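Heads up, there are several structures right after this.
Look at the two complexes coming up: chain A is in both, with chain B in one and chain C in the other.
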Partner chain A sequence: MSCSGGCHLMCSPVKILNMYGRKACQLVKEFASGEKGQLTPFNNDLFEQVVSECSQHHLELQSLIRKMQEEGLDVQTARNADHYGALIHLFSIVRNKRCLTAYVYNRAETVRNLLWKIGPVLPKEIEEKLNHWEEEYFKKHSAALKSYMSKALVDLTVDMVPPKDPYIQVRVLEDIREGIVLSDDKNPNFARHSMHFLKRTDAEKYISRGLMEELTG
Partner chain B sequence: MASYYDIDDILVEEEIVSVIFQKAASGVGIDPSSETDFIEAGSKVELPFWLAHELQLRQAVSVNVPPCFNQKTRLEIQADCACVDLRSRCPYFYEFGCKIAPIVGDRTIGFLLLSAFKNRYKEVLTKAHTATIAVGSKFWTILTKEEINLYETAQSAMASFKKWRMGGARFQIASILGRKRKPTE
Partner chain C sequence: MGSRSAEGEQVPLTDEYDALISTTDVELLKRAWRNEKAAPEILRFESDLIIRVREQIELMEETVEEKSTVGTDPLSVSLYQMDLDRTLFLLRSYLRIRIQKIEKYMFHIRKTEELWNRLSKDEKFFTERCTDDLKKHLEESVLSTLPENYQSYERQSVISEEVDMVPEPRLDTFVLCRSKEYLTGIQLEDGPVDDRSKLFEMEPDVLYFICYKSIKPLVESGKIDLL
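The block that comes next holds the complex of A and B.
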């Protein structure tokens, strides 16, 4: 930390109590270091370490409270050294909890956005970054959206700006063989470099996945 | 009040401050090299802000003014505000300042933040609109996290404006994929 610069002189050595919550903060930093809207692989290892740090704090907290009880003190009102020690452990747990939930919460937001930006099929390199629960969450979120759209009879994932022309000219950037679903039930050959005149709504999902590009002008 | 899940807010509160314990505390691992797990009253300890703040509310510690708001930094900011490397002093200079000011009870921090921001804001916006990436990248190593957000917002506003004026493809590859298109032909 840059703020802890050694420009203060004093007779007694400075004690440092900044190990608590350090790992949890690393986890948050890791999320923050990625570009906006991008995911880094879920750090299971560090996540587990923070959780076990919480359990450790909990044990120490309990043992301090027990010590106070054994000394016959009222835990609610006593303000001795053990009380303040216990407080430090309590705040460390609360802090770790905030970091852990923030990590999961912010990732979940990104995962939801994936659905809107890329569609229900994730490319492999992104899917690898999700942990098991996030994959499950993504699938359920996508199922929920799909069932809502089929009830409401409207496709919410298309572009918000009304098009000038319902058809656009596109060029295929990579061979697309599987899962071609067009609204007119045709089955064109999307070979690489081929050009097509497609319905805008059909082309959108391929463009956002980087498989086609729109030709303008 | 920032959201509970706000990443930046969490990182601001990780800044280290030095405090003096008014009360003793036991059963806490001070640092790995220390043999005792006891903090006597009156000892000087470095804590992350989140812990110092909670303990201060319970009158267990008194918080010292962090070095990034000391006299030396103030003089530098008065001298040539736009060129001071605030990031290395504290990456969240303004947010941290706002949080620390009521705790250390130093009213002058507010004025320091305001004058620093007013002077640097102009510079950030001008550079964001004019500087090329190479020059800009050198410049932005001295910006705080808040200023970088402003800088990026200004640049994306300019990019959106240009796109609106010139026109262009409505649809693009989702930014998250971020793959560069392979050169064709």
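The block that comes next holds the complex of A and C.
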């Protein structure tokens, strides 16, 4: 944002950029303006800046409180300039914290949804967008879901849409050579571009990994 | 199902058929699934129903297997298979909706006794794992980098008097619903304050678009179905 008109007498543009909480707001906006369900790379740089802003606020808050104590004021009840100054630092920390947490929390939600949409193995181009902690979290959450499904004896990752017909027509997009498991124990040749008539539940896992596509119409 | 009703006396066939159909477990599951799908919060786990449905699925699987080895004509096998697939879908989707609600509101569910008691044993275990994992993730990525008094995941700072950072489902959203019987004395929880003292009534089989909060107890007691 830039200052226009006579406003430059009161505040220079640089001051505005340093306004408390601005960076945290940018961080949240960055997430909110992204396409829903899609991740952008974790903005480490901006994130760290907000974190260090918090430490700075904390130092200033403490020094104001110390100053009040040295002046012999009761920190709980005194209502002088320093008290309000301290409040501004406190609110800034809390606001920054909310933004930081919202950023991580909402990304975590998107990360969990990847598990439903893509499955436990992420393609490289998506994995690159997660930071180290998010990768860990994805693995752990995926293990938790797997453990639930094995206890509850159901696979919740198939059957995402209501079945119309138990069989569907599919085209193989990439050669699938290994790990073919079908419920009728047959061993078909899933060569690239070949077409098959498969049970929907069998085909879904290949479709979600982008190895097959459903032919409709 | 149809044959049983035909054996009875000469009662209006369709009525009895409808009554019978509406109490089959698959139909009950469909109802539970619809309610769960439309309700903003997690509902009580239908444990008995789910046990019965699982048994039926097993039976259906045996039937399909038996028929296909005996060599019954493929069309009737595929009809049985389709029936089985549909039931399986309902079961999976029901459990999946619940799991996704848990994922979304895990902290809130874990700390709210009323909601916690609605979960199945497996769901409770899942929720515990989930909350531990997400809490750890938040702590490692954000909270541990903040000054000491601001490291709670539930409270904004140590001076927050109550839990003020845990997302909760919005119970004031609107839902489509229908009642089987005539209901009266429903207190509306939305709209202008003056109107709230008026009691609302519901005719049977009429669709209403209403604030979830107002009918929450009636959904829980099974008097109202969500759509």
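Keep this in mind: the second predicted complex is superposed on the first by the 180 of 217 C-alpha atoms of A that agree within 3 Å, B and C clash if a C-alpha of one lies under 4 Å from a C-alpha of the other, contacts with A are read in each partner's own complex, and residues count from 1 in each chain.
One rule holds for everything that comes next: a residue touches a chain if its C-beta (ideal position, glycine included) is under 8 Å from a C-beta of that chain, and two chains touch if they have at least 3 such contacts.
Note that this is a predicted model, so its numbers are computed, not measured.
When the two structures are aligned on the shared chain, A:82 is found in touch with chain B, with no touch to chain C.
By the touch criterion stated above, A:20 is placed in contact with chain B alone, chain C being left untouched.
With both structures placed on the common chain, the touch criterion links A:159 to chain B and to chain C.
Using the contact criterion defined above for the overlaid structures, shared-chain residue A:126 touches chain B, although it does not reach chain C. Contacts of A:148 after superposition: chain C is touched, whereas chain B is not reached.
When both complexes are overlaid on chain A, the residue A:101 reaches chain B and chain C alike.
More residues of chain A are in touch with B than with the other of chain B and chain C.
Of the two partner chains, chain C is the only one touched by A:140; chain B is not.
Once the two complexes are overlaid on chain A, the chain A residues touched by chain B in the first and by chain C in the second are 98, 101, 105, 159, 163. Contact residues on chain A toward chain C in their complex (touch as defined above): 51, 54-55, 58, 90, 93-94, 97-98, 100-101, 104-105, 108-109, 112, 116, 131, 133-134, 136-137, 140-141, 144-145, 147-148, 151-156, 158-159, 162-163, 165-166, 200-201. The touching residues of chain A, counted against chain B in their complex, run 1-5, 7-8, 10, 12, 14-21, 25, 28-29, 31-32, 35, 37-39, 60, 63-64, 79-82, 84-89, 91-92, 95, 98-99, 101-102, 105-106, 113-114, 117-118, 123, 126, 159, 161, 163, 173, 193, 203-204, 207-210, 213-214, 216. Of all residues in chain B, only 4-8, 10-11, 14-18, 23-32, 34, 38-39, 43-48, 50-51, 54-55, 58, 60, 64, 66-68, 70, 72, 88-91, 96, 167-179, 181-182, 184 touch chain A in the complex they form.
The touching residues of chain C, when paired with chain A in their complex, are 54, 78, 81-82, 85-86, 88-89, 91-93, 95-96, 99-100, 103-104, 120, 122-123, 125-126, 129-130, 133-134, 137-138, 140-143, 145-147, 150, 153, 156-157, 165, 167.
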